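Take a look at these structures.
Consider the two complexes below, in which subunit A is the common component and subunit B and subunit C are the respective partners.
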Partner chain A sequence: MSTTTAPRTAGAQAPAVTRRRSGPRAAEARWGMLLAAPATIHTLLWIGIPIIVALVLSFTAYDVVSAPRFNAGDNYAQIFQDTIFWKAVVNNVIIAGVGIPISMFLALVFAVMLNRAIPGRGIFRVMVFLPHITATVAVAMIWLWIYSPSSSGLMNTVLGVIGIGPLPYLTSPSLALPSVILVTIWQGIGLKMLIYLAALQGVNEELYEAADIDGANFVQKFHRITVPMLKPATFFILVTSLIANFQTFDLIYILTEGGPANATNVVTYRIYQTAFQEFRFGLASAQSIILLLMLIVLTFFSRRIVGGTDAD
Partner chain B sequence: MLSRRSLLSAAGVTGVGLTAAACGSSGGGSSSDGPVDLAAEATELSGEITLLTPDFTGDARQGLDDMIKQFTDQHEGLKVKVDQVAWDKLNEKLSTSIAGGLVADVIMTGVGWTPPFAHKKIFAELPTDYVDGLGLDEALLTSCRYEDKYYSLPIGMDLRFVVYNKDMFEAKGITEAPATMEELAQISEELTGDGVVGFDLLTKNIRQGWIHMLYAFGGTLFTEDGLAPAMQEEPGRLATQWILDRMDEGAIDYNLQAAEGQPTPFMQGTAAMQLVSTADWESWKDMAPQLTEEGAVGMFLLPGGNGNDPVMFQGGTMVSVGQRSQNTDAAAALVKHLMTPEMLAAGNAATGKVPPTADIPDTPEITDNFLTAFALEHLDKAGAAEGGSAAWMEIRGNLQPIIEACLTRQADVDKTLADMEKLATDAISRL
Partner chain C sequence: MPTETSNLAPMGSTPGPQLTAPGRNPEHAVHGRSLRRQKKMGNALMLLFLSVAALIMATPFLWMALSAMRDPTEMAMVPMPLIPQDWRFENFTETLERAPFGIYARNSLILASAAAILNVTFASACGYALAKLRFAGSKFVFGWIVACIMIPFYATVIPVFLMVRHMPLFGGNSIFGQGGIGWIDSWWALIVPGAVSPFMVFLFRQFYVGTPTELIEAARLDGVSEFGIYSRIITPLIRPGLLTVALLSFEAGWNNFLWPLLVTTSENLRVIQVGIASFRQEATTDWHLLMAGTTMAAVPMIVLFLIFQRYFVQGFAASGIK
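This part shows the complex of A and B:
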C-alpha cells in the first residue's frame, strides 16, 4: 500500500507547486528578477564588494608593498587627529552649503523661464546644459585661464575695466574657495535645470487654471503650486548634488590641487593624497568609510528637510 | 583554510582595483639580493620586457621607438613593450602596479624617488663598477643611491637656475649678475616697479623653489642617513625668511604663478628674473620665441646664501631596473643601452632634457639650446635635489601646503619649520 500511496501523495503535491510557479505573478517575478539581475550584479560587484573590502582595509595598515597588518581602530583614531581631513570636510560643507542652494535656485529660475514658449528656447536650454556635459578637465582648464592672475586672465581683464583687481583668485587662501564654488555653481546649473524642467512639464495645468480663476498672481502660483509640486524633484536634486559635491575631485585636482595651504582641499582629494601620495591605503579606506557614513547621514537629513518624495 | 593575513592581502589587492593580482600573477620576480647582472650576452636574452616611462610623449615618442628598435635589433630574441604614463599619474601607476604584481621591468621615475622605491624593494641594485665607469658627476649620482648602493641612473635632467631680462638689467644700470643672496635681494628690489616684479621664484613649483633656496643657504632636507629631517634647521629658517622679506618688498609676488600651459611672467615681460627650468625651452619656443635668440637673456646660478656656494636645482628622469622583473638580465641590458652616449644624445634630443654628461655626440637639439648648454657647463653644481629619505614620497605632497601657509601669512616661520619637522618625523617613523 505504501508503495502506491507515496507516489500519489507526491503527485498530489506537484500540481499545487507547479500552479504557484507557473502563474502570471510568478512569471512576472521571474522577469523582474531577470531584468534586475544586471543592475544587481553590477551593484554587488562594483559597489558592494569594494565597500566591504574598504571596510576590511580600514582596520589595517597597508602600504601596497607589504601585506596589510591589522591595526584595530588606529586609522579611525588618526582621522580624528588629522586636521587636514577635517578642513577638507569643512570645505566640502561650505561648497555644498553655498554652491548647492545658489545653483538650485538659479536652475529653478532658468527652468521656469525656459518652460515658457520664448523664441530660441532650445538654444538657451542647450547653453545652460552645456557646462554639465563638458568634461570637467576641460572646464577646469577654461577656468584656469579665466582666473589667471596675469593680464591675460579673462576675469581680471573684465574687472580691470571697472577698476577692480587684478585679483589672485586661485592663489589667495581667502579667494580660492569662493572661486572654486563659482565654478561648481556654473557647472551644476545645467543638470538641475533639466530635472526641474522635466518636473515642471509634469505639473497639471488645471492647477494653474484653477488658481487663475481664484485670482492668484504669478508669485502666488509659483509659491503655492510650482514649488510644492516640484518637491520630489527638489529632493532628488538636493541628494544627488550633495553626493556629487562630496565626490568632487577632478575640478580640485586641476584647478588648485587642494591649495593654497589646503584652502580648497576636499575629502576625496584628501583620500587620494593619503592613498596615492602617502601610500597609506588602510587610512585612506577608513577616510572613505567616514565619507560614506557622512553621505548617509546627509541624505537622511536632506529627506527630513525637503519632506520626502512622491511615496510620502 | 585561509589565514587572516592572506585574507587581508587579498583585500588589499582588490582594494586598489587590480583584479590582475587575483589571476595568479605572483609579482615576485627577482627577489635575489645583490646587483643585477649586466654581463649577459645579447644572444642569451629573450622574452618580452616592459618599460614604464613618463617621458617621450607626443612627437618625442618616435625618438624612443627608434632607440628601442636599435636595442631589439641587437637583441633579436627580445621585445620591449612601452607603457607611457603622465608624470602626475606615475606615482599612482606604480603603486597600483605594485599591488597587482605587474611592475614594469624598466622603470623611469624622478629625482627623489630612488630611496623610497629602493627601500620598498621595487628597484634592483645596480653594479657600482658599472655606474662608476659611466663617469657621471657626483652631484647627479647622489640622487641614485640608497644606503650607499646604486638603484637608478640619471637619464635626462631638468635643471634650474636663474634667467634675467638683459634689457631690464641695462635699464637699471646693472652690469653684473648677483653673486650673493644679498646682491640678489638688492637687485630684485631695484628691478621691481612699473608692473614688473624683480624675481619670479615660485612660478615653476613652490615646493621646489623653496627647496632650491634651502640648498642655497647650505641646508638639506634630511640628515645624511635619511632617518631624520634637517629642513627645519637654520638654513631652512634663513631661506624662508629671505623669501618672506622679498615678498614684503614686492620683489617676489606669491600670486604671480603661471597656470599650466600659460606663459610665465618672465615670458610676458612682467618679471625681470625667473627661476627657470631647462624644460622651459620648448614653451619659450612656442610662446616667447624672442627669448630663444642668442644673447636674449642672461643666466646665472642661484647664489649661495650665508657664505655657501651657488647651486643648481636638480630634477629630471631616472631609470631603474625593477626588482620584481622576471627578466632582470634583459631589463639591465635595456638600461645599459639607454645609458650609452649615443642613446643619451638621441633620447634627450627627443625629450628636450639635459643629458647627464657632456660626453655625448654633437646633437643640434642639445647644442642649440642655450639653457641646456648652460646647465651642462655647471652639472657639478646640481646639488639641490628633492628626496634623500625613504619616506620622501609620503612627505612631498604635504610639504607644499606647509610652505604655502607660510607664504600666505597663515603661519609664521617658527610654526612652518615645526610643521615640516613633524611631517617628516611622522613619515620616517612609519618606515
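This part shows the complex of A and C:
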C-alpha cells in the first residue's frame, strides 16, 4: 500500500467495518433467498397446494361439472368397502413381495460379478441397465408383443419348445399378474445393480485382503463382509423400490389395463380409473391420500425392518 | 509358476512376507496351481453365466428390432423364422405415414429439453443456496424439498390437473378459472408443472456441497457479486453435475407418459410415448409397425445413454449413495 492511498482507506475504515459485518452477510442472505425462491415457490405451488387440495377434495363429491359438495368421510368409508381398490393394493403388495426380492437378488449377483475386472464388463452393465433407461411405455409395448397369445409370440415360441402353450399370458386371470411381475423384474434389475455397484466400490479392499489372509472362502467373505457393508445400499434400494412399485402405472396401462377382471389392477391405475374414467374426483383424491399414507408408512416400516443406517 | 507359494511356517504370525516369499514345499505348489485353475474355471463359468444373462436381458430389445424390420407375412408364419428373411426398412416409412411420429418426436424433444433447461437453471440455483449460503428459512426450504421428494406424483395428479384446467384467463377461462379448458392442451400444461423437480434440487445440493467454500470467501473478498460467485465461479466446478441433471431431466421428460396423456388431446401436442399408445389403438395387430414405432420411441434414449453413460450413472448412483 502506498502512502497516498493511506488516508483514503483510513477515512473509509469506519463504514467498511460495519459493511464487512453486515453487508456481505446481508448480500449472502438476500441472494440465498433469491436463488432458492423459484424452486421453493414452484414446489409450494405445484406440490404443496395440490396436497392440500387433494386433502380437501377427498372429503367431497366432485365430478368437475358441478361444484364440489362436502360429504364428510363418505369417500373413505366407500374406499373401505371398495373391493377393487383393495384388490389393487394387494396386487401392488404381491408385485413388490415377489418382484423386488428376486430383482434385488439378481442385481446383487450381477453387481458382485461386474465389480471384478472381467472382460467386457462395460457391455454387460449396459445390457442389464438398458431396460431402466427405456420408457416404460416402450418396454410395455415390447412385452405386449412378446406375450402375444398367438403361437408366433416369442414367449409362446420359447415355451412351445418344451411343450407348453400357446398360452394367453395377459388375458388369463392366473397368468396375467406373474407376467406383469416378470416385466417388473426385468426392468428393475438395472438400477438396483447400479446402486449395488456404487456401494461395492465404497467397500474397502483391505477388508477382503485381511479375510484372505485369515483364509476365508468366497462364501464367508460374501456373508461377513459384502452383505454387512451393503446394508445401507440394500435399505435404500428396498425403500425406493417399494415406493416405485406403488407408482407402477404405465406398464399396467399398456399391458393389461388392470384386467382381466382386475387381476392386475394397481393403486395408481385404480386412481386413474376413478378420476379420469368415472369422473369421481373426490373419491379419487381420497384414494391418492391413502396411497400417500401407505407410502409414508412403508418408508418408516422398511427403515425398522432393515435397520436402516441412512445417517448422512 | 509353482514357486510362487508360501512356505509352511505358521500362518498368521507374520503373514505379509510369507505370502510373497518363494515357496519350497512342493505339496503346497500343487495346491496353489489347482487353486489357480479353479479360479480360472470360476472366471470362465462366470463369464458364461454373464453372457447368457446379458443375452436374456437383451432379448426383448433384439426382438423389438427384429420385429420392426420383419415382413408382415412372416409374422403370421408358424413357427416364425427367428431372423427376418429379408430386412424390411419400409416398416418405418409406413409407420411414419400412418401416424405423425415426426411430430410426436419433435414434441417430446421440446418437452424434454425444456425440462432439462428449467431444472438446470432453477434447481441448481436452489441447490447452491441450500449448500453454500446462509439465509433465513434455509432449513425450512431444505426440509420442504426433501418432503417433496417423498410425495409421489400420483398423490397430487388430480389437483394438479384441476389447477391446470382452471387456470384463470387461459383457454377461455374467466378470472375465477371457470368456463374454459385453462391450460389443457397447451405447452403451458406440458412444461410448467414439471419445471422444477425437488429431486434435482436435492441432487444439485449434493454436488455443490462438495465444492470448496474457501473459493466463495476468496471471491467475496475480491468483490465478486453473490450471483457472480454462483454463476461464474462455483457452478463451472460442477459441470459434470449439470450434465447429469440435464440428462436425467431430459430422460424423465422424454419417457413421461401419464401427464402428457392427461393434458393433451390434439395430435399437434402429442408426445411420443402417448403417440405409441394411440398408434396401438390404430394399428392394433400390425406388430411390425407397432415395433417400428416403439423402436423410434426407445432408441433416442438408448443412444443418449450410450453416449453419456458416465453422467447418467453418476446421477443414478448419487441418488443412492451419498
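Operating definition for what follows: the second predicted complex is superposed on the first by the 267 of 312 C-alpha atoms of A that agree within 3 Å, B and C clash if a C-alpha of one lies under 4 Å from a C-alpha of the other, contacts with A are read in each partner's own complex, and residues count from 1 in each chain.
In the analysis below, a contact is a pair of C-beta atoms (placed from the backbone, for glycine too) under 8 Å apart; a residue touches a chain by one contact, two chains touch by 3 or more.
As the structure is a computational prediction, the values presented were derived from the model and not from experiment.
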> Would subunit B and subunit C fit next to each other on subunit A once aligned, or clash?
Replying inline: clash
>> Between subunit B and subunit C, whom does A:Phe276 touch in the aligned arrangement: first, second, both, or neither?
In response: both
> In the superposed arrangement, does A:Gly99 touch subunit B (first), subunit C (second), both or neither?
Replying inline: neither
>> Just checking: does A:Ile49 make contact with subunit B only, subunit C only, both, or neither of them? Give me first, second, both or neither.
In response: both
> After superposition on the shared chain, which partner residues are touched by A:Thr60: those of subunit B (first), subunit C (second), both, or neither?
Replying inline: first
> In the superposed arrangement, which partner chain does A:Val128 touch: subunit B (first), subunit C (second), both, or neither?
Replying inline: second
> subunit A residues in contact: does subunit B have more, or subunit C?
Replying inline: C
> After superposition on the shared chain, which partner residues are touched by A:Ile289: those of subunit B (first), subunit C (second), both, or neither?
Replying inline: second
>> For A:Thr171 in the superposed arrangement: first (subunit B), second (subunit C), both or neither?
In response: first
>> Output check: A:Thr136 vs subunit B and subunit C. Expected answer is one of first, second, both, neither. What do you get?
In response: second
>> Contact-wise, after the overlay, does A:Trp145 reach subunit B, subunit C, both or neither (first, second, both, neither)?
In response: both
> Which subunit A residues contact subunit B in one complex and subunit C in the other?
Replying inline: 49-50, 53-54, 57, 64, 141, 145, 148, 151-152, 275-276, 281, 285
> Within the complex, which stretch of subunit B touches subunit A?
Replying inline: 4-5, 7-9, 11-12, 14-17, 91-92, 95-96, 98-99, 120-122, 254-263, 265, 268, 270, 393-394, 396-398, 400-402, 404-405, 407-408, 410-411, 427
> Okay, in this complex, where on subunit A does subunit B touch?
Replying inline: 49-50, 53-54, 56-57, 60, 62-65, 67-70, 84, 141, 144-145, 147-152, 168, 170-173, 258-262, 265, 273, 275-281, 285
> Tell me, which parts of subunit A touch subunit C in their complex?
Replying inline: 24-25, 27-33, 35-36, 38-40, 42-44, 46-51, 53-54, 57, 64, 110, 113-114, 118-119, 123-124, 126-131, 133-139, 141-143, 145-146, 148, 151-152, 154, 157, 160, 186, 189, 191, 194-195, 197-199, 202, 213-215, 232-233, 236-237, 240, 243, 246-247, 249-250, 253-254, 267-268, 271-272, 275-276, 281, 284-285, 288-289, 291-292, 295-296, 299, 312
>> Please output the residues of subunit C touching subunit A within their complex, sorted ascending.
In response: 11-12, 15, 19, 43, 46-47, 49-50, 53-54, 57-61, 63-64, 67, 75-80, 122-123, 125-126, 128-130, 133-138, 141, 144-145, 148, 150-163, 165, 192-193, 195-196, 198, 201, 220, 225-227, 230, 251, 254-255, 257-258, 262, 273, 276-277, 280, 287, 290-291, 293-294, 297-298, 301-302, 305-306, 309, 312-313, 316-317, 320-322
